[in-house]
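Chain nomenclature is as follows: A, B, C and D, assigned in order of appearance, with residue numbering initiated at 1 for each chain independently.
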Amino acid sequence: MASFIIRRILIIIPMMFIVSFICFFLTELQPGDFVSQYLENPRISPEQIELIKERLGLDQPPMTRYVMWLKQIITKGDFGYSFAFKRPVIDLIWERMGWTISIALSTILFQWIVAVPLGIFSALHPYRMWDYILTFVAFIGISIPNFFFALILMYLTNSSGGLFSSQFIGAPLTWAKFYDLLQHVWLPIAVIGLSGLAGLMRVMRGNMLDMLGAPFVNSLRARGLPEKQVRKHVIKNALNPMISIAGMELPNIFSGTVITAIVLNLPTMGPFFYTALLNHDQYLVMTFLMFIAFITQIGNLLADILLAVLDPRIRMS
Amino acid sequence: MKGNTELRVRKAFFKHKLGIIGMIILILLYLMILFADFLAPYNYQSTKRDFTFSEPTKIHWRKDGEFIGPHVYGMTKSRDPVTFAVKYVKDEEKIYPIRIFVRGDTYKFWGLWETDIHLFGIGLQDDAVLYLFGGDRFGRDLFSRVLIGGRVSLTAGLIGTLIAVVIGAVVGAFSGYYGGWIDVVIQRLIEILRSFPRIPLWLALAMLLPPTWPSTTVYLGIVIVLSFIGWMGVARVIRGMVLSLREKEYILAAQVIGQSNFKIITKHLIPNTVTYLVVVSTLSIPGMILGESSISFLGLGIKEPMTSWGLLLKQAQSLSDIQAHPWLMIPGLFIILAVLSFNFVGDALRDALDPYRTVDKV
Amino acid sequence: MSIIQVEHLKSFFKTDEGIVKAVDDVSFELRENEILALVGESGCGKSVTAQTILGLLKSPPAMIEGSIKYHGQELVGLSNKAYHKLRGKEIGMIFQEPMSAFDPLYTVGDQAAEAVAVHSKLNKPEIRDKIIAMFNKVGIPEAENRYDEYPHQMSGGMLQRMLIALTLACDPKVLIADEPTTALDVTIQAQVLNLMRDLQNEFNTSIIFITHDLGVVAELSDRIHVMYAGKIVEKADVVELFDHPKHPYTKGLLASRLKREMKGQILPFIKGTVPRAFEFPEGCRFHPRCPHAMEICKQKDPDPVAFENGHVCSCWLYLKQNKTDGVESQ
Amino acid sequence: MKKLVCLFTLVLFAVSLMAVPAVVDELLTPEQPKLGGTLTLSVTSSPQSFNFYGTLDGVAYTIAGQFLNALVEMHPVTNALQPALAESWEVSADNKEVTFYLRDVKWSDGEPFTADDVIFTFENFLLNKFAEGNSIARFTINGEVVKFEKVDDKTLKAYLPAPYGPFFTVLSHASIYPSHILKDKIDENDPGSVNELWTTDTPLNEIVGTGPFVLDQYIVDQKVTLKRNEYYWKVDRWGNQLPYFDQLEYLVVKDAQVQSAKFRSGEIDYMTIEAVDYPVLKQMELDGGPFVVYRAQPTNPTPSPIHISFNFNAKNEELAELFSLKNFRAAMEFALDRERIIEEVFNTLAVLGGVPVLPANKAFYNPAIEDLRRPFDPEKAKALLDEMGLVDKNGDGWRNLESGKTLEFVLICSTYQAYQDTAYIFSESLKAIGVKCELQVIDGSLLAQKALSGDFEACLWAFGNQPDPQLRKAIWSPGYSLYYCHFDTMNPETKEPYADLRNMYDWEKQIHYAFEIGQTAMDPRERKVQYGIWQELYAEYVPFIYVCKGMDLMGVSKTLGNFHQTADGALAYAVYTMFRK
């Protein structure tokens, strides 16, 4: 087990190198660079643009910049500097982590709390009216474009997005502030959560149906276990495969909701990334992509470990 | 035996009511975009100054209580002097009957021959239009635009999926068949690419498309961008399937009689995964349709004068539009409808083809 | 004295492809202290019969008719709750594939303990002791350690022993063994069979032993019922059946066994296969494969004919004298 | 209404008064205020920095404008120049020396403001070429930079290389930094390090200023809060120290829809409104909504009226030749349906605008252009094109060039919706006269890159504008770096600032000279004449075809005091004089 974890962790290192390379060239290939937005500003002369380019290192050939960047990361843990913010990108990302993680985790929590019981319910009453209704609702959830749904919900609830009313932003944490947060936060959680919820629910239902048909279930019944206890076994077995799904879903919830976060005015990394992308704030974009890739790796690793903890077959092989 | 399986699959599919409904809707939608120019009463690009933001045209059947067939009235545009809101007043004196096979804007049917016959409409009139879904800010017919926009939205997902599945199947099959270091490299690569989140990667890739490309090329670019992520999931599963298939006797037999590896992969391995591929395709099209709409919504995808449902929806993104011109949200309903239908069909197919549920969402 | 009395039992399933008559009008009884063997090729409805007795078939989609009496108590239509008291405690069941009869996420000991706990008032350490004792009894080495291992860590033979142990730990009066040896190696098979016979002697359990292998039951069982396509076609005690098989199907089964003296000959077999459950033929269901098939066999199902020594067989060969009557009475 | 920016008047009447706070005029304080409370506004993104000279971010400018001041400032309504940190000044007879007498002002941390601060700011920021937001170009006259010299703590001299008309205007953009805070933080060896001062992670108590507010709290991506500056140097006419509000909040709202929603729900006190949203909001106001929607003459300098330009140096030589013909551009102007654009894109809420000086800019606007402007007339456009031999030779519906190729060009424009829509309507009108115009919608920064490297055929764009045309010389004067429709007018070696007169058309030379003269002229009347020449030539030769300019539309909470529309239609308000009713 320990060697498995160590091996998994070691694999991450070379993979992150390749990831960094992909990130760099992805951003490099984009037409235009950071200073192109300065071109239309009459306050800035062409000479000065050259100066800025030089200062930011944009006059160097791409390969040199990549190697330099990599060297800084390895030797100093320095992921570079945001052209726009004049600050280390890692700080900027860090500043936005809190809310990003909180919202992502609450969304996943919400999805699981809703999807798992509904999936179980659906599987225990397959092909009945409620199963059909839940399936239908779930599919509608996947089918509405997030941003569209967000917009309509905002209109219907007269909400203006964000996480707090303005007077509570930056205010010390009180019950009133917490209550205010609850009043705001349900919207992004519902919007982001609903799209993934359906998939989870369907998978849970499928797993449950599979497990209900598994031979050991009959065996358990034959031993005289009450149905409640049998279900406990079934649910536990059906839940296990979901863990790796959670591992995969984490990065998408982290950042896959760019548009929703813009529409809902969330202080998360998604919109920040989008702005950086449009600004050609190269190191910021690269680091962000790398960071997400890293989180995915960690997410998968955690999922694998959790799976191993819960499933003796994996743990012991 | 094969016939039996087919029968069983068909029966199982048709038992899935939502699947059938989805299938019917999809067939209708694709027929719709196939004959879009003919079905659309107007050219999707033709602007009408006097009908900007005109609400969906009301079709009347009776005149003074007397049935005279479907017709619309002439409309006059006016502006509220205070709010500057556009208003339309109908002129009941001017009656324009709705006819079928009516002459209107000219178009090239399937790019083959030029014609000006439209399935229905009131012809080209100065003071009246038949805008079933209302008009947009240039007074273009939203109904016609939805029909034409569907071409991009519905085919982008389809072609994107096709590319993704083909690449995924080939890469997965090679990876599984050859094994060894090829397999290791491919699997690692896939793992790496999969660790990028979908939408940011799409955005980053969409930014790569040279903005100077003409819209048709941009369209292809978007399709390729969309397919870029889909193929990896397919490749992983196909690899797994091929790994087990290649131990099967008939593959060994093929190897023994000296068939080339390429032939074995294309003739024996990939065909055996077709069931899975079909299901996976149906299930990944919805994601791609949504992807296209998201990219276009952010302005990184399809651009005017071409149009897609995502782009059309972009015009309905403001709260005042929802309030003042709610019909602009109709393209959103079409997205939902198409995606929903694909999901239903995919789900039904999965249940029918794969009773043991080896196919999960990719 | 009979413990289980099955009369005119029918288990039908509604499927996409029509109604499956998996068990169709089956009657038999299980007597005290006996081993009753239910023999037939796969797909003949043996397992369904067993599961019907234990109420493991969900209804719907299963449609169950007839009567199953356990110690005089009617089981058909019994509530789930009542069944829980019965299963394990009164009637235990051993499954074909021991590998898949365990929940892979729990240790075998925990699963055994869970089953025992449902039926007894013992506390945890007592249960553990009882199970370990039982493990020892079925010949599991290092039973103490095995208790905390997971199913995937064990061999099939070992698991089958454990399954037997945990089933017996609940002290059932009746044991239904559904092909308990099919998934095992030949040597292990013999061990398990010996074990079962020893245990039957020790615990005085009545056993319904389901198998497709006549060889297995020859030494083990007291009586044999042969099933074909959802019906019992022949009932007799072991010696009688092996010495005087009546039904062509039974004869075929017996003939297709490997015998030493048959060396060098082509092994006789019953031509064709058991028809799929939703396409059972009209008339006697065996007629398409029967070497003695007659016109009547295609039209009408034969009624059972009783012979001496409790031997019963359903076949038109023995009903010839009644043939015309039968047709006329239609 | 607007008083002229009259330097001489200022010189004559700028008397060194006693150190009394400046009194704000009645225009900004028509109502007697209530004190306290919070004013909530919004910005479209997080500030990239709090350093005015270290970034080119509009949001940073907005916020820095609240806590920094310059020596002189423009009146928020009239745009008239008035004393700010400099209480008064004297200009020498040769117009090359200005002596500033500084006001007795304290920084928000209580330290006194002195001439050292001014010198420090110019040295390290304004005239530091490594500072990203420096203003060297604006303080360079004929290739030489303005010099500043401290006389004593409260007196300062500026030496101009030549008389410089817009000197005080550019000075009004030169925010002064506190030297006592920043002096020790600057790395002498790395003049570029100034960009890294006052970034968004700086402890906010280290950011001090002289403006009405000081930074108090920054919640990343959510809100910037400023609090009242106790030491602010302005008072109202009743003697209250300004500002009235205790707090000023900027909510970070990226999406225009969310901003609109927040405004509707009263979370934001005022915001500019898009023309397309006007009807709905106005209707809400009429239905008793908690806000007023104003429609005002455009005075907002940014953006300038939208223009369409044709590249005289287009890569396609045949097109380049065509584009440099006045008649072709005239035909294009005839084909431009401004009325329709105003109606459909701007909901009728736009004015024709100037070229590009706005009619509201009385100091420089030349009304003569109104007669020169070519109204929409497709027939005239067709006639002009026919006359040039650009007729449809092959009968495919499109006109052909002399070479037989279809007359077609690509019009680039940015993704901003109103621009896209304008370009679309223009291309539709061109289609009607047989000219094929392909639209290419691209990201704004990319558009800039393409346009400013001369890689385009036609372009629809809008620059930032300034009340004083001189500040936009780089764009509008032939021979300068942003005169992008005709790069040949630039000296290929030095590019800037030396124009290459050889490649200029006569009218371009005239414009060039008008700007040069206007720059060094000190008499406002003379300057108006020079820039008037420019406007007329533009209107006649249309190197840039100006389309229109959206009106200033603004929604304002009804609870806000001292926010009103003046008699001639402009909006009068300032952050430091508004209050909550």
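Please note the rule applied: a residue touches a chain if its C-beta (ideal position, glycine included) is under 8 Å from a C-beta of that chain, and two chains touch if they have at least 3 such contacts.
None of these values were measured; they are calculated from a predicted model.
Student: So which chains count as neighbours of both chain A and chain D?
Tutor: Looking at chain D and chain A together, the chains touching each of them are B.
Student: Would you mind checking which chain's mean C-alpha position lies nearest the centre of all protein C-alpha atoms?
Tutor: Centre-most chain by C-alpha means: A.
Student: Taking each chain's centre as its mean C-alpha position, how far apart are chain A and chain C in Å?
Tutor: Computed value for the inter-centroid distance: 53 Å.
Student: Could you state the distance in Å from the CA-based centre of chain B to that of chain C?
Tutor: Roughly 56 Å, centre to centre.
Student: Please report how many Å separate the Cα centroid of chain B from that of chain D, as a whole number.
Tutor: Chain B and chain D have C-alpha centres separated by 44 Å.
Student: Just give me the whole-number Å value for how far the CA centre of chain C lies from that of chain D.
Tutor: Here chain C and chain D have centroids separated by 92 Å.
Student: If a residue has to touch 2 or more other chains to count, which residues of chain D qualify?
Tutor: As it turns out, chain D has residues touching two or more other chains at 257, 261, 264, 443, 446.
Student: Indicate the residues of chain A shared as contacts by at least two other chains.
Tutor: 31, 151, 154, 263
Student: In the complex, go through chain A and note every residue touching chain C.
Tutor: It comes out as residues 214-216, 218-227, 229, 233, 236-237, 240, 310-313, 316.
Student: Spell out the part of chain B that touches chain D in their complex, as residue ranges.
Tutor: Per the stated touch rule, the residues are 47, 49, 52, 79-80, 82-86, 137-139, 211-212, 214, 299, 303-305, 317-321, 323-324.
Student: Which residues of chain D touch chain B once you look at their complex with the stated criterion?
Tutor: Of all residues in chain D, those touching chain B are 256-257, 260-261, 264, 274, 276-283, 286, 340, 343-345, 347-349, 410, 415, 420-421, 424-425, 428, 438-443, 446.
Student: Contact residues on chain D for chain A in the complex?
Tutor: Per the stated touch rule, the residues are 38, 40, 45-46, 48-49, 51, 54-57, 129-130, 132-138, 192, 195-196, 199-201, 217, 219-223, 225, 249, 251-255, 257-258, 261-262, 264-265, 267, 443-446, 448-449, 451-452, 461, 463-464, 471-475, 481-482, 495-496.
Student: Hey, which residues of chain B end up touching chain A in the complex?
Tutor: Touch list, chain B to chain A: 17-18, 188-189, 191-201, 203-205, 207-208, 210-211, 286, 290, 293-294, 297-298, 310, 313, 317, 319, 322-323, 329, 332, 335-337, 339-340, 343-344, 347, 356-357, 360-361.
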